[in-house]
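Quick heads-up: structures coming right below.
Two complexes are shown next, each including chain A; its partner changes from chain B in the first to chain C in the second.
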Partner chain A sequence: MRNKNWKQICLFLLPALLLYAVFFIYPLFYVFITSFTQWNGIGSMKFIGFKNFTDLFANETFRISLKNNFIWSFALGFIQIPLATIMALVLARKPKGWKVYRTVFFLPNVISQVALAMMWTAIYNADGGILNSLLSAVGLESLTRNWLGDMGTALGAVIVQQLFYIGYFMVVILASRMGISESYYEAAEIDGANVWQQEIHISLPNILPILITSVTLAMAYGMRHFESTFLMTNGGPAHATSVLGIMLYQNLGALKYGVGNAIGATLIVLGGVLIMTIRWLLNKKSQKMMG
Partner chain B sequence: MKKLLTVCLIIALAVPSLVFAQGSGEAKSQEIVLKWPSFWVGADTKAAPITELVNQFNEAHAGSIKVEIEENPDTDGYRDKLNAQIAAGIVPDIFILNVDPTTLQFFEGDLLMDFTEDLKGDWGNGFLDGTLNAVTVDKETKAIPYEMAYTPIWYNTDILKAAGVDKIPETMDEFWTMCDKVKAAGYIPTVQMTGGTNAWTSMIWYSHLCAALGGPDVWQKDFATDPVFVQAAELLNRMYQDGNTSKDAIGAGPGDAGGHYLAGEAAAFSNGPWYIARVKNEAPAVYDATEISTAPGINYSGAQTGYLLSALAAANTTDPARRAAVVEFMKWMTTGENAKKVSEAAGSILAVKADITSTDRIQTQFFQAVADASFVVETFSAKFPVDVVAEFGQALAKMAQGKATPEQFVAQIASVM
Partner chain C sequence: MIKTKSQIAVDIIAKIGKWLFIAFFLLMTLVPIIWLIITSFKSNLEYETEPLGLPKVWQWSNYAKALNMSGLPRLFLNSVIVAVCTTALNLIVSAMGGFALAREKFKAREPILSLLLAGVLIPIIAFMVPYFSIATKLKLYDSLLILIIVYAAINIPVSLFLIYGFMSDIPKELEEAAVIDGCSFSQRFTRVVFPLTKPGLVTAGTLVFIYCWNEFTYAMLLTSSVKSRTLQLGIRFFKGQFVVDYTSMLAAIVLTMIPTIFVYIFLHDKIISGMTAGAVKG
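Coming up: the complex of A and B.
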């Protein structure tokens, strides 16, 4: 049935739609168009077909960056979110000082990424960093290394520091868990279900939609990850920590707008495909769980 | 009634703004305002003398020309912003151009003001030899040379003395002996880094080594095939091995690298004159112990690395008055007297011929080192586009960890050229 207020609805939607078109659709369209060109941002564009894309897929740094983006995406989606979930479920039981813990875990989300990255760079520093000092103090000197400079450990070191920041998703999941009626848990307890069984059979099915959303958001962040890697390693050493965002930034800085936008276009397409696939799989799984 | 109220409200809001807009336009119609986004602000050593010069210019041209500095203290951010603005066809009235093959692309088209004709004459004769060529593309000079970068080797003589090294090494054999003695004394022989946007200190060392091996025309050689570049890579790689540099060198940024020198831990370092003030203020003992020299000679000796670091550029305009105002300001900034003021206050070496009598011991040594140099070559970062320079640090990290040979190091860099 047609809404009799359709004119007013359209009028109210128009500003938002216009802004969306000008600041999102048009730039997106522009990124895709320029990705088929050779352009330094100053002279005229030269249409070169798929050359930017074929060159990129033949480029080792691009392949490393792409792989790292997927590693980031899966690490955040399937390590950070489970950690946030566990912590949310624990705090939902309201242990002593739970509000303090909640604040402590959320605190890094209000601190600048730059400050956090600088802090972790100092922790990982090979020459007097806290991590190496701790390892030496407990007799594990053989494990000390240049964490951010070693090609074997740099990527892990950058990802691990990010995994600690579970606060944002923990708060979201906690809010969802707090919304579950306590009567379910009381009934389960009367029936003899232990805490583990209560969480598995009551909490998880009820917070599943929010978990799927959280996994999706975390994975999307992983695909477009840039800040901490840029600040801690700038993609090095030897491109070991490079991600597509870093490559894109460096190409734009080198006035290679065609290549940079080809990376951007690839990131948008692959990111979209990955996120849609994951959502589809998780939704399918959740429908199965819900019977 | 509602309609009437709305109309009244619109008129009430519109009338004052129209009146004020008209008023301010009339009052300032004669004055040309030139906006200059600059990173020579805040804690930058050139901030005070540059601001003073701008203020003096504004006073002398009160009512006709006014230059307004817009503060952009982050140099990387400044460059990113400039790239984006120019790609969108928006060029600041006046801006600082870091001269390299990437930024010289800005000269394409007619976005920048062309100073070629203005520089034919006394003004053009006032610049150091070769600096106008550095900002000339296809016979068009679209920027005014401003600051030079010379990047000699800095030695901490207190460390050398403590290690039993009685003179600054002049050959590579003497250099390696120095490294062994410095290590034995518990210090770091050389400051190296693979991080940052250009692996700065290591990139300078590599430039020195290339010059010492390949001579004044080293950058005319084919990077991918000439053995000079592999030989230089072998020597640079050795500086990363056997404790010849700090443990954190791979992945280290400029802060970490400079920190080792400032802390009095490292014997040999490399940087430009802008670092003098920092050493003087933050590490007076290191300042007192610092001696400036060339890198050890190999096939050639006495080489120095130097290049035009920055130039002043401006947006093109069809308005003759505006153009004249820009030229007037550029001339003011590059008079010998004003260059002397900036140079003496900031420790910088400008691209303008000036009778500078430095009171700073290290700056004097810089001038002497440049005057005594058998030849001066550009650094790797000045010679190649930014993406090639970025690859230098990545390839170096791989080689320094034993995951690539010097030949592979050169090949990796050449692959992005």
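Coming up: the complex of A and C.
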């Protein structure tokens, strides 16, 4: 049966669907179709099959970028999320001042990546940067270096700067943990379970769905990473910190639209595959855990 | 319950560990920001020779120089225009769509909902080339309008999801009463559902506003001249403008952080609860 308000329904949905069609669906087709072409954006497109992709996978910089994207994904998913989880479990027991800590930890999420990147660039700066100054002050002068210019430390320096901003995921996990009824913990307490046992047997199973979502999201962010690397190192030194987003931007600048979109398509497909694989693996594991 | 000695020892270690953990993250979050603020008050000589101490004389002039040199007022105005217009456009579009999806039943409802929500999974960063070409084709390249449209569109999945959730929770009886009183379809939206969704709209609006204020990548890609340059993009050019005056540049960065931190101080409960509402339901 047709809804009698169907005309108005269409009218109300139209603006959202129109914007969605132009800025999500059209670009998706655009990226995938042009990724099989050689095209500078102005002239005619030349269909070249999978050449963009085979060229990319043969390209050293592309392989480094791809590897760095995976490093980002795993660092965020398997270091940042566990840290955020521990913090959420700690704060859920309401230590003195926990609301203040929650507010502080979330603060970096409202500051722009540009401001944070420039702040951290100043921190890592070889001369006058606080990191080198602190190291010298405690007698570790031998460790001082140009953190973002050194092949060995640049990638780590950019990742660490993001890794400890656990606020967003901590807040999400904390909300899920606070949703568990206190009576479970009281009952466990009476049965003699210590805090550690309570967290393992009550908290973890209950927050598991949110943990899986968080790990998946964090890994997806790792694949999409662009801004702070672009602002701090622009992929350097010698592509040591490059990621796919940086390569995409550089190809756009060089008017290699076909190659750029091949990178974009790789990003979308790999991101999707990664999300689905991780979800599937974690769900399977959690089912085993829950018996 | 009586605890043994070893249990007490474990408890003490756990307590110390807990506070060390909290302290570490407080330091990691706050020390860089505090250092930035302190350094922005130093002279350039002090920055190089005394990087750790407090400034001997607090150089308020750094802030005056930052305001004069960076063109900050213009950048600020552009960012306000973009953020306010985007938030309004995004909320109207998402609320209308959310209303139709949450308060009516029709065949295409589920597929449309899934389609819109799937947008959350798409890495927007992959759309650099198409967005650039859409902007040129619409002859809107290098304008504030294209930023407003693009930002409003990008945020539809998240906003619509949040607003849809709030609208679904409104009891059916309120609308039925309004229909008996003679409310039309659009009046049900403007007079009943929209006002009742206020908390959801505030949360979604705050998130969109902060997104717009902080967005960098597409501001860089879709604009080129000063007339449509936003604050975040402007900061990027500070390096060139403050070649010999590093600490004034840091002062300019502090100035750009103030608005969102200010909003956050007043609305942090709303922001945090909104983020979790969306995430936990998902």
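As a convention for this text, the second predicted complex is superposed on the first by the 269 of 291 C-alpha atoms of A that agree within 3 Å, B and C clash if a C-alpha of one lies under 4 Å from a C-alpha of the other, contacts with A are read in each partner's own complex, and residues count from 1 in each chain.
Here is the rule we go by: a contact is a pair of C-beta atoms (placed from the backbone, for glycine too) under 8 Å apart; a residue touches a chain by one contact, two chains touch by 3 or more.
Source: prediction; values computed, not measured.
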- request: State whether chain B and chain C clash or fit side by side on chain A once the two structures are superposed.
  value: clash
Message: A:95 in the overlay: touching chain B, chain C, both, or neither? Say first, second, both or neither.
response: second
Task: Considering only touches as defined above, state whether A:126 meets chain B (first), chain C (second), both or neither.
output: first
Query: A:86 contacts which: chain B (first), chain C (second), both, neither?
result: second
- request: Tell me which of chain B and chain C touches more residues of chain A.
  value: C
- request: Tell me which partner A:8 touches in the superposition: chain B (first), chain C (second), both or neither.
  value: second
Task: Once the structures are superposed on A, label A:34 by its partner contacts, choosing first (chain B), second (chain C), both or neither.
output: second
Message: Just to be sure I read the superposition right, which of the two partners does A:154 touch: chain B = first, chain C = second, or both, or neither?
response: first
Task: Kindly classify A:257 by the partners it touches after superposition: chain B alone (first), chain C alone (second), both, or neither?
output: both
- request: Name the contact category of A:271: first (chain B only), second (chain C only), both, or neither.
  value: second
- request: Check the residue A:47 against both partner chains and state whether it touches chain B (first), chain C (second), both, or neither.
  value: neither
Task: Could you list which residues of chain A make contact with chain B in one structure and with chain C in the other?
output: 41, 127, 252, 257
Task: Sort out for me which residues of chain C touch chain A in the complex.
output: 1, 7, 10, 14, 18-19, 21-22, 25-26, 28-30, 32-33, 35-36, 39, 47-48, 51-52, 92-94, 96-97, 99-101, 104-106, 112, 115-116, 119, 121-134, 149-150, 152-154, 156, 160, 185-186, 189, 210, 213-214, 216-217, 221, 232, 235-236, 238, 246, 249-250, 253, 256-257, 260-261, 263-264, 268, 271-272, 275-276, 279-280, 282
Query: Of all residues in chain A, which touch chain B in the complex?
result: 40-43, 61, 125-127, 146, 148-151, 154, 233-239, 250-257
Message: Looking at the complex, which residues from chain B come into contact with chain A?
response: 79-80, 83-84, 86-87, 102, 105-106, 108-109, 111, 194-197, 246-253, 256, 385-387, 390, 393-395, 397-398, 401, 403-404
Task: Can you check the complex and tell me which residues of chain A touch chain C?
output: 2-3, 5-6, 8-9, 12-13, 15-17, 19-20, 22-24, 26-28, 30-31, 34, 41, 86-87, 90, 95, 101-108, 110-115, 118-120, 122-123, 127-130, 133-134, 137, 164-168, 171-172, 174-176, 179, 192, 194-196, 210, 213, 220, 223-224, 226-227, 230-231, 245, 248-249, 252, 257, 260-261, 263-265, 267-268, 271-272, 275
